[in-house]
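In structure tokens below, several structures.
Both complexes below contain subunit A, partnered by subunit B and then by subunit C.
And now, the complex of A and B:
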């Protein structure tokens, strides 16, 4: 587009294209979708966290009227799901082990709630009753439920290969000499608990077989490409499946793994009838990937002046019973373990360990929350040792453009942390007065979170943009929208470039047969990747339309502007785009384009030292909070919260604010009340009566500060904000509470009792 | 965790409901708003073969005031109790307590009778009704029976409801002029959580009545704490002693909200706050 032109849509706040429908409850979610003659699927799940399965008897269930089929591991053509290590990722894995997970348990269960058998029946009632009639004979086996225990010699083995799933390392400089240079050395251990995504809609999908033999499924998923896992399991060709990502009631990484796809696909394939399978809430909590629990030991050295000299971190992640995405989550933790700080000498040893807990996997932040909690807790503790304020100590050490991060790579853009910090504190205002009965505290956390995949993965996205003869436009791009507004951003980008109002641009579903491949809606990559693909495709279409209009108007191409559906000349002549498009079609000019965007590519990092370019870019942010603690009860109330991020360019400022506020809301639950409690393998709260989420009444007013440095790699200089918005919240609140009570808290959630005990004992 | 199969009955009269419940004995359970029953059935704690819905019985959801006091039909939804002009003006303690239950959605569906029949220790209304010296009217195969609320809660999720009986009405006597009150609830997790401890107090010239929730197998009257206050009244020292007495006489459990020890400490704190903050 002409560089002089001001944005008409980008950077202005507008309602998302699908907002009205969502508010009115009109979208058909996968769990709502029905087909004629549809069967109801259910999974039978293990009653023990660690056991041998001696026998499975399905005969009584099969005889029940209404039951159409009962499947066990014997009915799965390939019963092992392999943990995909896409692109060149596998090369970075020490030992390159390929982790597997059975689709239906075969002789062994490794966590409570593992799927053992599947039922399809004419009614939900018959399906439920059939589950009760399946006889499973178990022999309980010793299990291991703590990641540190699991690493010990002689611990019960979760898998034959042993309990160590993955290790990552960072070796930068020489920590030995770094600690020698230090005047103060401090070591502390931080704990992060298991968390559930707790989205409104549980996992679900509907599958059927089309007359041409294609297996079709509508599933709430963040990853259309998971159709390949279904074809592997069923051993059918990859072009014989069509996966459509349905609207979703939340993603947050919980739909990044395969959820119901293979289960519902198996049932539809066997019965040749439509089947719906939706997880109940307890199934969702018991049997889909949780946020990994971590133990992080941090040892830091600094000079009296406040300059950090060395960091040594030992990180242990509880993978639960299967690998899922834990190896890659652990990489994110490892690569971001130093936070947004300049540290010359770094040593990180990170391990992911199998236990007989529910398997853990992707969760908004993908290992970054755990790292941030440890490095930001430790920055506060270290500042205390040095007698500096947490803010001053951070400001001494913030990364600047050109500084090397722990992987030895020099930052190519300016982190803006000084500005974010001063604006956030300024917004928090002067310190409050003391109030009787209350301890008031303030805390901050800064963070550095990658957006986009690891730089060596050859990530790409494709999108198609095309005009219709009535002057409307269509975007086709298989980018699932879990509610973050990804679809709307793509519509806005196309509308901006094509000079159309947003109402005249539509986006089709993320459908593996109908839309070009866009890659996963994960890793805060869709705006960056698919945004660039749509931008490229739309610019190509624009060029063609401008050429056509220039010819029709007898003007130079450089003088044509596309505004509100018209082509304009500087002297005020105009043509409707519908006319331009019709004429273009008639004269053989293209009015559509398929474009591919490739992320910049770097060499694979060195697996022994973690040196190299880990990610293409990062999003930086700072949060500050003021909290009050009830002196007699330990109850925490967050009084004020400020979240400040450099988003590069806000495509839709109100959507950015929504992401920023949503991140804080989610982090509030992590900091104050949420935890999946597993007691010796048995989950004590697989329901929302005892897994509590913050309500509007628990959420403070959240002030958002949006910086637009224009440095991002996304369209118009945008960075990603989906995951980053959450990352520092847990640390911010816990640091503020620690400040209030004068005792450092190193684990959460900060239930009143935990804070109460810390206040009384003087330690946590 | 889907609902197990059951037969749903929808009687249109109280007699019909009572005879259905009597006929099916232990296989039957009455249901009103379902906010407690349905989760209990989903978790498999209750597996009644017959569920008798009381919602179609007319006349059980009325609030009426007389010289003796207030009568609230058992089927009255919580939001109507909390929002009733009469309740708010004359029994503000009750309005506050009932209006504190969970969320608007739960209060719209849940009923006062259902809340009490469930006999949950961490009920919001129960301590308030204990402090207000309410009574409940039950009807069953043997006829009507009035039970003072102080004797109604018998154990962990156990109320004095005999086979075939249905709770039909809650009666609350008038509060003497000049009485003061307080209702405080302490939720440890989210605001819609049930209370870890809740305290209801009615103070009249006769004495102080204290209801406690969440800290014993049932909601209780804190009789020993009341006795401590009988002589000296609400002096700071007596309040401290009453708070200690209440902590002694409660019998808390440990659960995911907090340990028994913490609950005991919190009884002290919240009773002290309730007694010093009377309205």
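And now, the complex of A and C:
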């Protein structure tokens, strides 16, 4: 970009490129997609959380008219999914987990709702009836449903290898001497419950076999690379499958794991007909990965002056029945356990444990929400012990650029936490008057969240940008957009660089056959990674167009600007880009480019001490809330909520606000009402009727403060905001309620009963 | 037993043969191929399936197809005139009230029903009216902004 030129698109608020289609109700989500002759797929799911399967009899189901096939584990060429990270990072990661999960249960089920058999039928009704006709004989086995119980000697073993799945450690300085220096030492335990993503569209996909023998699937997924899991299961070559990410009704990490891909792929492969498989809502709650439940014991030492000297944390994560991404989620918790604070001596021991609960896995925040709840709860508790305000105590300890984090790495960007804190509190204004019958409280939470993958993973993204001879442009980049606006940002970046209006730039689908590999839409990495790849490709195309235009206009390249589809000279001469492109093609100049962006790379951290460079950069934010608690009922109402983040650069400020508000909306559910209740292995609330989500009545107008420090590693200095937006909300609201009632609450959701009981007992 | 239902959808008359337990959602989404009406829960909780039946907002997943015999139904596909967006669609678009878009048709239809009845709602009235429509992406603020802005947009 010539420095003289102001941004025309970046930093201004515009409707997303796909918003018009969406308000017209036009996008075809996986669950809307149909094909001629399409069959309906369903999965039979385990009725017990821990059992041996003695026999499976499918003969009656197979006889039912309309049933085309019934599959069990015997029909899966490789009935084992390897639990390494998706995408391309597994090979590069130290200590990669190679735990496995059967695709269809073979002799044993380990959680309620585990898939046992598959049916494809001519109608949804026949498929449902067929499920009823499959006879499964079970022998119940003892199970274990609590992570701390599962760690004990003699606990029922979920897997032969034992119940400990993974451990991570941090050893920085010497906590012993850190605690000796402290005037006050405080130890408390925090609990985080199991949560469901509850995206409005459940998991689904359609698969078919093309005439050339390629297995094609359209699936709502955040990870196009899941096609490799399907080819593994089917034992077919990796170039004989094509996976297209369909528009999705939300992702939030729930489509980061394989969902229906292998199931629907197996059915299409066996029947050679198109098959659609969409989870029912209860299936979605029972059978896909949940947000890990945690227990976190925090012990902190501080001087009277408010300086933190030491932190010791013991963290236990409930992985549920299978590993999925739990080992990596636990790493994020471990690496962020100290929050955005300067702490010289740190010891963290973290374990992930198998139980017979629904397996847990990626959920927006990826281990950072759990850590944030504990460190921010503990910051408030410690501030109380020291007689300081929560804000003052935090400000005393906030990280600054150059300070070392718990991995011993010195921060390379300025966290801006002081500014975020004062702006957030300023927005909240003076404290409100007391009201009879109500307890009013205020709380805050600050956070530090990585965006992009771990620095040792050699993460990369590729994108293609090309001009058409009519002066429009195309972006190809296999970056799925679960609704966060990833696609729109890529369109905007290309349009900005090429001097085109957004309406003249299109982006193709995230299609494993047609678009260059962008990596997963997870880890808040797409804007950072694919944004940079598109930027690089678009700049290369621009260079070529500018050279061509300079020649045609008899001007210097440095003087050419591309604006609204024209090439301009300083003296006002202009040429349409369509003409420039046609000339460029005729003279053999490139009008397209394929570019790869590589994230900065560091050495792998030391697994015994957690020392090294864990991530390339972090996003920082502060949230404050004002709540009221009904003294009679314990009912909590969030009256005000302010969320303040440094996003580096807002590509589309309106979309950034939307992400910030959406994160708060979701965190409010986590804090006040949501929990997947599993009672001895049985899920009690697998419906939206009793898995309560926040409505318009629960959610206040969410005020946003967007700081743009320009320090990010993404395009134009952007940082990532998708996951960070959510992370401190749970802690903010719980801290505010604790302030209101004068008792520290250390678990959520804050149902009226829980708050009422705490208020009555007056102790925590 | 199968049954024939005649109804008007987005101004066009249809006669549809429907199965026994068909809901209006099945009829619209599967028989008439109007994919804009969404299934979020199938049990009346999320509002993604909201459509107008004789001018009133109903949940298509809870409405038996037999019940709409002779009715006039408007779905999200029926709002825009010759590609000109309805004011509610326009404000949702312009104010960034759309993220994944899955709740959007239901939200827009519910807002439409509200504004038809009460063209000048307060913010609280909008909150009340949309309380049965869940959105997991937005935190609702921009959705409410969009409904409030319709008055100005008209």
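The rule we apply is simple: the second predicted complex is superposed on the first by the 750 of 764 C-alpha atoms of A that agree within 3 Å, B and C clash if a C-alpha of one lies under 4 Å from a C-alpha of the other, contacts with A are read in each partner's own complex, and residues count from 1 in each chain.
Everything below uses one rule, namely that a contact is a pair of C-beta atoms (placed from the backbone, for glycine too) under 8 Å apart; a residue touches a chain by one contact, two chains touch by 3 or more.
All figures in this text were calculated on a predicted structure; none of them were measured in a lab.
By the document's definition of touching, of the two partners only subunit C reaches A:200; subunit B does not.
Shared-chain residue A:633: touches subunit B; no touch with subunit C. More residues of subunit A are touched by C (comparison of subunit B with subunit C).
When the two complexes are overlaid on their common chain A, residue A:677 makes contact with subunit B while staying clear of subunit C.
Of the two partner chains, both subunit B and subunit C are touched by A:280.
When both complexes are overlaid on chain A, the residue A:751 reaches subunit B alone and has no touch with subunit C. When the two complexes are overlaid on their common chain A, residue A:25 makes contact with subunit C while staying clear of subunit B. Look at A:509: by the touch rule set out above, it reaches neither subunit B nor subunit C.
Within the superposed three-chain model, A:16 lies in touch with subunit C and out of touch with subunit B [touch as defined at top].
In the superposition on chain A, A:689 makes contact with both subunit B and subunit C. Shared contact residues on subunit A (touching subunit B in one structure, subunit C in the other): 125, 280-281, 687, 689, 693, 695, 697. Listed in rising order, the residues of subunit C touching subunit A in the complex are 19, 29, 35-43, 45-46, 48, 75-77, 79-80, 85, 89-90, 92-96, 98-105, 108, 123, 126-128, 130-144. Across the interface of their complex, subunit C is touched by residues 13, 15-16, 18-29, 31-32, 125, 197-201, 247-252, 280-281, 482-485, 654-655, 657-658, 661-666, 668, 687-689, 693, 695-697, 699, 701-702 of subunit A.
Interface residues of subunit A facing subunit B in the complex, by the touch rule stated above, are 124-125, 128-129, 280-283, 632-633, 635, 672-673, 677, 684-685, 687, 689-690, 692-695, 697-698, 751-753, 756-757.
Every residue of subunit B that touches subunit A in the complex is listed here, in rising order: 1-2, 4-5, 39, 43, 103, 186, 188-193, 196, 256-259, 262, 265-266, 269.
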